[in-house]
Every structure is written in C-alpha cells, then in structure tokens.
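Order of writing sets the labels: A, B, C and D. Residues in every chain begin at 1.
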Amino acid sequence: MDRNKIIQWFREGSIAIPRVLLTNYKELGLNETEFMLLLHIHSFIDSGITFPTPEQIAARMTLSPETCMQQLRKLVQKGFVAIEERIDEQQIRSEHYSLEPLWEKIVRHLLKEPLREENEQEEELY
Amino acid sequence: MDRNKIIQWFREGSIAIPRVLLTNYKELGLNETEFMLLLHIHSFIDSGITFPTPEQIAARMTLSPETCMQQLRKLVQKGFVAIEERIDEQQIRSEHYSLEPLWEKIVRHLLKEPLREENEQEEELY
Amino acid sequence: MDRNKIIQWFREGSIAIPRVLLTNYKELGLNETEFMLLLHIHSFIDSGITFPTPEQIAARMTLSPETCMQQLRKLVQKGFVAIEERIDEQQIRSEHYSLEPLWEKIVRHLLKEPLREENEQEEELY
Amino acid sequence: MDRNKIIQWFREGSIAIPRVLLTNYKELGLNETEFMLLLHIHSFIDSGITFPTPEQIAARMTLSPETCMQQLRKLVQKGFVAIEERIDEQQIRSEHYSLEPLWEKIVRHLLKEPLREENEQEEELY
C-alpha cells in the first residue's frame, strides 16, 4: 500500500519554478500569498485542470474560498492572470486560466533592468 | 547585452518543488509566507549559499529583515528547518540551514495518511 | 519579436527529472537513448500530447521514425511504458502512453536496495 | 529504514531541464548520449561536485570510463562544456566544469531562429 503512495508521488512529480521569478516577484508587485496563488494555478493547469474553482484552490491554501476569490480577481485586474474563453469542436464554451500575462510581465521586467549583481556568490560556483 | 541576461536566466535555471509538498503544506501546519520562506532557503542552499542572512532573504520577500528573522526562528522551533554546525579541514566552524526536517515531516505525513483522493481528475490524465 | 520568443520559453518551462531516476536508470536496464525516449514521451504527455507519433518524437531526436518505433516497442515489451485505451463521453476511443510502469519499476528498485552510499559528498552539502 | 530512503529521495530532489533544450539539442549538434552526459555533469555540479571524474560519471551511465573521457573531450572541443580553473584563498588551484557554453549556444540558436511552430498543440493548452 505504501508502495502505491510512493509511486503516486513520482507520478505527480515536481513543478519547476524559474529562479528569476523567485528572485523578482516582489519587484513585479506580488506578495508571497499572491505568488503562491499563482503557483497553485500553475500546478492545476499543469495537471490538466485549467479552470480550478476557488474552493479547489482554497482547499490547498490557508485562505477561505471567499478570500481566494477576491485575491484571484485582484490578480486578474493587476494583469498577472487572464481568463480565456475557448470553444471546442462541439461548440461548447469553457473558461481557462492563462499565466501568459505573468510571463509577459517577468520578461518585460527582466529586459528593462540592468544585469542584477546580487548573485555574485552563486555565479562563482557555476 | 540582452543576450547575456538571457544566458543568465538559463544558468540560474529552475527550482523543482515536489507537487505533494505543494498540496500538503497546509496540513503540515505551514502558511503561504512560511512556505515561501522555506522555498527561498531551498533556493539559496541550491545556489551554494547555505546560510543566507535575514537581510539576504528579506531582500527577495515582502517582509522586513526583522520579521524574516522572527519567522525563521519560528520555523526552527516548529521543526521545519535546522541549523547545523560544521567544522572544515582548517577547523573553521560555520553554520548552515538544513531542510532535512521538512523532508522528514512531509514523508511522515504522507506515510501516515490513507491515499489521497483529491487528485482523481489529474490521475485520469496520466 | 525576440520578446515573444523569450516569453515562449518561460511558458514552455522546464521538465523536472527525479535525481534518483538519473542515478539509477542504468540499473533499471535502460541505456541513454532509451532514457531520452522516455523523457521525450514524458515531456509530450506533460504538454497535453498523450500519444505522440514516432514521427513527432523522432523529430526531436537523432533517430529515424523507424528506429524510434522499434525502440518504443521494446520499451513497452520491457515494461517501461504502457499504452492505455480510454473511451470518452462521446464513446470515442483513444490511446495514450503512460509512464506508470516506469514509476513502479523505480520505486520497486529503490525499496529493494540498501541505502546507496554513492552520494556521500552531496549529502554533506545539504 | 524505508522511511530514510524516501526522505533521501526528497532531499536529492529533481533536476529541471528547460523544455527548449529538450526540443532543440538535436539542432545544436548533440546526440542523446551527449545530452545525457551534459545532464549528468549538470546534476553533479548542482550537488556540489563541480569536477566529477570520468569514473564517477561513467558509474551512472552505460559507457566505460574511457568512452566517457573521450566523449567529454569531444564536448569540450565542440564548445558545449568548459573547464575552468579557480584559485581559492589558500592559493589552491582547482578545476571545474562549466555549462556556460551550452547556455550560450542554446540562446544564440533560439534568438537566430524564427518562432518555432511545432508546439501549436501545446500552446493551445496554456
């Protein structure tokens, strides 16, 4: 039985976060809770759930579904997440979260700035 | 010049977070800010900086160095991070953060519990 | 235009490989080409393409589609990949690759063995 | 005892590979074995072993140490890996592998090319 659980962890795998996002989210105007909310959305999308409900997200966070909903709305307004509508072959309409705006923001932020020097110690190692 | 920046992002790479940690940190007793603090420590260790100062960590977070220090102390007390002392060949003593207690906690948590069913939808996809 | 390309790299992201798989594939009976083939399948599945053709896979590898096909068949026979059939709500049948057998193999392999000591140097660092 | 092994897998974690590297290594002039060799070097560096011996690398691959050595030399000649010399505070000289040339190559390759269309299906999903 334990074996099955362990297999499940391997199957679920890991989610990769670009280090530049981790070192720059603050300058993009995100706080830690917002970052985590985006990370959960990323993880849901990655698992094939492209439009998780506030309840589904809140179940993994220390936020209530209401707060989660408010935070989500704020992230959409501030331009970090988009809600996209798609119509499939059967003409069924569905909504999906997209993190495209986040990637755009981080790239714009990084290209505008001078090379960061904070990582001297890291660079020496590689 | 842009090219150098982009090369730097590739060099810095990504940090991998086990999905089970992302879906279970709340049940381990961590909130979002604490999770992010652990993630920053993980990222620093990974880059070869094994004992970042509260100032270094706070520079990447929306916390003041003082709050960061308090939170770190709390995480040590609650048994999520350990501070280890090492003595090198030149008999120089140094301190390092270790996330070993976090890995122990998550494994103990996962092995105790019955198989989680929340991921039905995900499982179907893989 | 370059900006769009860079955004695309962020969107495509990274794929996370468990380090134990990287250090143990040889003992599971896989060679480097087979490992890469599994990695490509993993990456396709992760992107939502759950049954890539030998042509799609071979386009990313230095193998011909024919060799790729043969190798795939061998991996199925040796029990590293499975082909699963699913029937959706419209009763449409489709086939999908599953890496479940690989996760099973690695977990069985790891649980059978005594603790590996090869990583002494690594462990000291963390 | 099993618990300790499982904790070890979490501690060892995962290594993140940029998807653009996975879909473009062939066009950079790398074959699967060479890619894996670079991946092993990446993993060693990441674990703090910055100059693994051909024996250490070969122990994880299906190559002999001699073949591994030859392949390494070829990768240095072809400009995918560099060997850097460093002198520490005690004036002790040491050598280290650097994947900087690989990151340079991939970025140059990606910036030169028109936007790749192969991922249409993936893009729709995100």
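In this section, a residue touches a chain if its C-beta (ideal position, glycine included) is under 8 Å from a C-beta of that chain, and two chains touch if they have at least 3 such contacts.
Note that this is a predicted model, so its numbers are computed, not measured.
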Query = Where does the A-B interface recur among C-D, B-C or A-D, taking recurrence as more than half of the contact pairs being identical by residue number?
reply = C-D
Query = Hey, how far is the Cα centre of chain B from the one of chain C, in Å?
reply = 27
Request  = Could you tell me the distance, in whole angstrom, between the mean C-alpha positions of chain A and chain C?
outcome  = 24
Note = Multi-partner residues in chain A (2 or more other chains touched) are 2, 6, 11, 13-16, 18, 48, 99-100, 111, 124-126
Ask   = Among line, ring, star, complete and other, which best matches the way these chains touch?
value = complete
Inquiry  = Considering only the defined contacts, which chain C positions touch chain A in the complex?
reply    = 3, 6-7, 10-11, 13-16, 18, 46, 48, 90, 99-100, 103-104, 106-108, 111
Interfacial residue positions of chain A with respect to chain B in the complex = 1-2, 4-5, 8-9, 11-20, 22-23, 26, 31-33, 35-36, 39-40, 43, 47-49, 59-63, 110-111, 115, 118-119, 121-126
Request  = Under the touch definition given earlier, write down the residues of chain C that touch chain B in their complex.
outcome  = 2, 6, 13-14, 16, 45, 50, 98-100, 125-126
